[in-house]
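The structure's right below; bear with me while I get my questions together.
Per-chain numbering from 1; labels A, B and C assigned in written order.
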């Protein structure tokens, strides 16, 4: 993908384009609705979901809090398994290691299985520049590679394309007309890529989990392409985010329960592979040489940050995308980074250490909290979006007019008399624009709002202006509180005080 | 026993009838509400936009206003939940932190107060209409108010409660989001109204005037006749009828 | 690598760099976590699943029923058989039905005892890695049928486990058009954890290079979320539950 292409403009501008693309919106809506209802059914079928989420969260919290120990343990064990382990603090270092291996292997072709880290590093571009054929083998990734795009969903990369667009791309690739029939299209890709798997010099994978105690890596997939990539080429390169660690296989049972059910509503993906080192000398298949590149690229910056460390708990299931109403309407490319949806809105600025440049990405959320509720490891994504907004303001990157507005807000809210006066002025000011108890004026801040709505005007008398009369009226007519209600309320007060909370009228 | 009304900006300035319904409904159960007139806004607009210093100013006004209350009740799940952020805002300031913890413990959303505190699910209302319910995100998801409104609605005589498809989806309000990202917000409210229309309900009921204002605005924009009400209004009107 | 003499210079150089970067990389993590480097195993109070889960167990018949339901629900086939003889018969019939020309099986005594060569004289049958000069991946790729023994299975997820050894190729369950897995019922457990926890107990040095947990046919929903079977791996998979 050409990253410059997708990061041009603002989230708002890109969203504007997406919102006018009915096909894209319908495609994304259709698939995310299926995925989220699948997840709901799968988590309900499993039962005790909250308890499992909490367990998943605890395992991830524990691992990240002791990441120095567990990562080091993983590295030692992977080395003992015969793996060449490398460390890449950033994109340049990771690319350099990949290119060194490819050069020394005199590689002409690389087949890849799905790896979000490789998207983050734009590794395909580096390989292609060196004249090395690089083929994405996940069906969705293959499609977007042909289209020259990046993934618009963490799990379903071509979620934004329909079968006609895909048939067109694949027909061009095949040099013959292929009908828009999913079975025929997938069959073409199967035949075409089968040759590529068998002929490739290097297989490149991502890593869902790395098991510290045995130095193993685990891949979840449905197509079998990751198995191909780790079975057929002589050399395997695995790109792994430094936070992918879990301590043990025992912990994997929790992740294997949470990840597929949250991602696609499956009990388990069709394939889950645990790979422990290169092939044993006498084995008939598997890579002869295996490299694992451990990538930081901004991740370690989250460590020790009380507001963002939990970002590293993410298991890349995509559940937050599938429930996000904003994602549903604007699609993944509008986010402008490798990762989209709520997790992308937080992860992109966090990994890039440039809160200011990604200024409006954190604003593309109504803070509805659906993401946090869906997250299988309970990452408080909607809170993190607020923290990002706050950091932007604190570092002086806030919008000047908004900052002035907020200062004014604080002045009004410090004193109810000022607020009352402002409301009265507002009531006078709205008079000329209220028609038939509604405001339809489309200027200033009301422009966007009133494009979709008729605004309710302020009431003739505010509640507080009515209060005196209302209060006197109810005091005159209402019955006294009955004893039972009083007892209930006093019981609650006693409980509250017993839990150490003071204050209130009764003290 | 001092039970204070936290009216919230929207119900004060635009929808005073919601506050009135609450006051009269609770009075009928012997709860005389107190109204500290010094209260202003909970600070949510500035908090969500990242202006926490400004938020502290608003929060202090609220903390002072309700310092002597035993219970605080509000017609908005969102503003009620905002109070739960106060301890975080004052974590380095023991004086305000103490008040923040107190307010957090004693503040209830309207249906929470009716069901949890007063133990009432049947207010004796009669409301012979087809009604659908939109659970606002902050109230249901963050504050955890899920069963209370359903318990109250299911006791209303004559009321037919029809499920809202994808009810848990955000209506697209999100405070300043609706202004800053107006087209995305617009797409969200249009989708919400599509789902409301599918139910063929005569009335949409909710617990948060911000969301209801957003939805009502789009319904009116599209010329739809669905009546939009806060649950307090519905119950109060229903009691008056029966 | 254990044999440093055969390791080329460039790899040795990378290795050297790696050891140097490792120190800085891990130290950076400790620094960020604002504490000295942790070198002792921390207490891990949340290891594994919630407590009661490990007591959850189905009886033998439930395991068979649940495995069957779960494997079939995602498009796999399950055949319940009493003896290995019947399994041999099923494989032979199936090979004839689909006009199979090539069949590949793992080089395991249980599979040799099926005497498929005698039952299928017209099919070219090969036994994985039985001849060091053969191109085994190509043999597997051309095969119509691959036959493997399951090392274990979990009914809860409808999953069979196969592992790699010199006599058990990864390719045999991956490259042929049809995969037939023979699962003796005594290897069928309830939970996935019953297959995973032994990996911790066996320990790193005894783990096979490849462990594959297979829960059905290869599939994709990448085109319009329309389910397509057999994208890269076998589109047809049978589990023969024997015993």
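Definition applied: contacts are C-beta pairs under 8 Å (C-beta built on N, C-alpha and C of every residue); 3 or more make two chains touch, one makes a residue touch a chain.
Everything numeric in this text was worked out from a predicted model, so none of it was measured.
*Asks:* Hey, which chain is the most central one here, using CA centres?
*Replies:* So the chain sitting closest to the middle is A.
*Asks:* By CA centroid distance, what chain is farthest from subunit B?
*Replies:* C
*Asks:* Hey, how far is the Cα centre of subunit A from the one of subunit C, in Å?
*Replies:* About 30 Å separates the centre of subunit A from that of subunit C.
*Asks:* Using mean CA coordinates as chain centres, what's the subunit A-subunit B distance in Å?
*Replies:* Result: the chain centres lie 29 Å from each other.
*Asks:* Would you kindly tell me how far, in whole Å, the mean C-alpha position of subunit C lies from that of subunit B?
*Replies:* Chain centroid spacing, subunit B to subunit C, equals 54 Å.
*Asks:* Per the contact definition, I'd like the list of subunit C residues that touch subunit A in the complex.
*Replies:* 1-2, 8, 10-11, 14-15, 17-18, 21-22, 24-30, 32-34, 37-42, 44-50, 70, 74, 128-129, 136-138, 140-141, 156-159, 164-166, 169-171, 174, 191-193, 196-197, 199-200, 203-205, 207-226, 228, 230-234
*Asks:* Can you tell me which positions in subunit B touch subunit A when the two form their complex?
*Replies:* 1-2, 7, 11-17, 19-20, 23-24, 27-33, 35, 37-41, 43, 45-55, 57-58, 60-61, 67-71, 98-99, 101-102, 105-106, 117-119, 137-138, 141-142, 166, 168-170, 172-175, 177-191, 213-214, 216-218, 220-221
*Asks:* Which bits of subunit A are touching subunit C when the two form their complex?
*Replies:* 27, 30-31, 34, 48, 51-52, 55, 58-59, 62, 65-69, 71-73, 75, 77, 80-82, 84-87, 89, 97, 100-101, 104, 137-140, 143, 156-159, 161-163, 166, 182-183, 185-186, 189-190, 193-194, 197-198, 213-216, 222-225, 227-228, 230-232, 242, 247-254, 256-257, 264, 266-280, 282-286, 294, 296, 300-301, 303-304
*Asks:* Quick check on the complex: what are the subunit A residues that touch subunit B?
*Replies:* 12, 15-16, 19, 25, 33, 325-326, 329-330, 360, 363-370, 372-373, 386, 388-394, 398, 402-403, 406-407, 409-416, 419, 423, 426, 438, 445, 447-449, 451-459, 461-464, 466-467, 470-471, 474-475, 477-482, 484-486, 488-490, 492-493, 496, 499, 501-506
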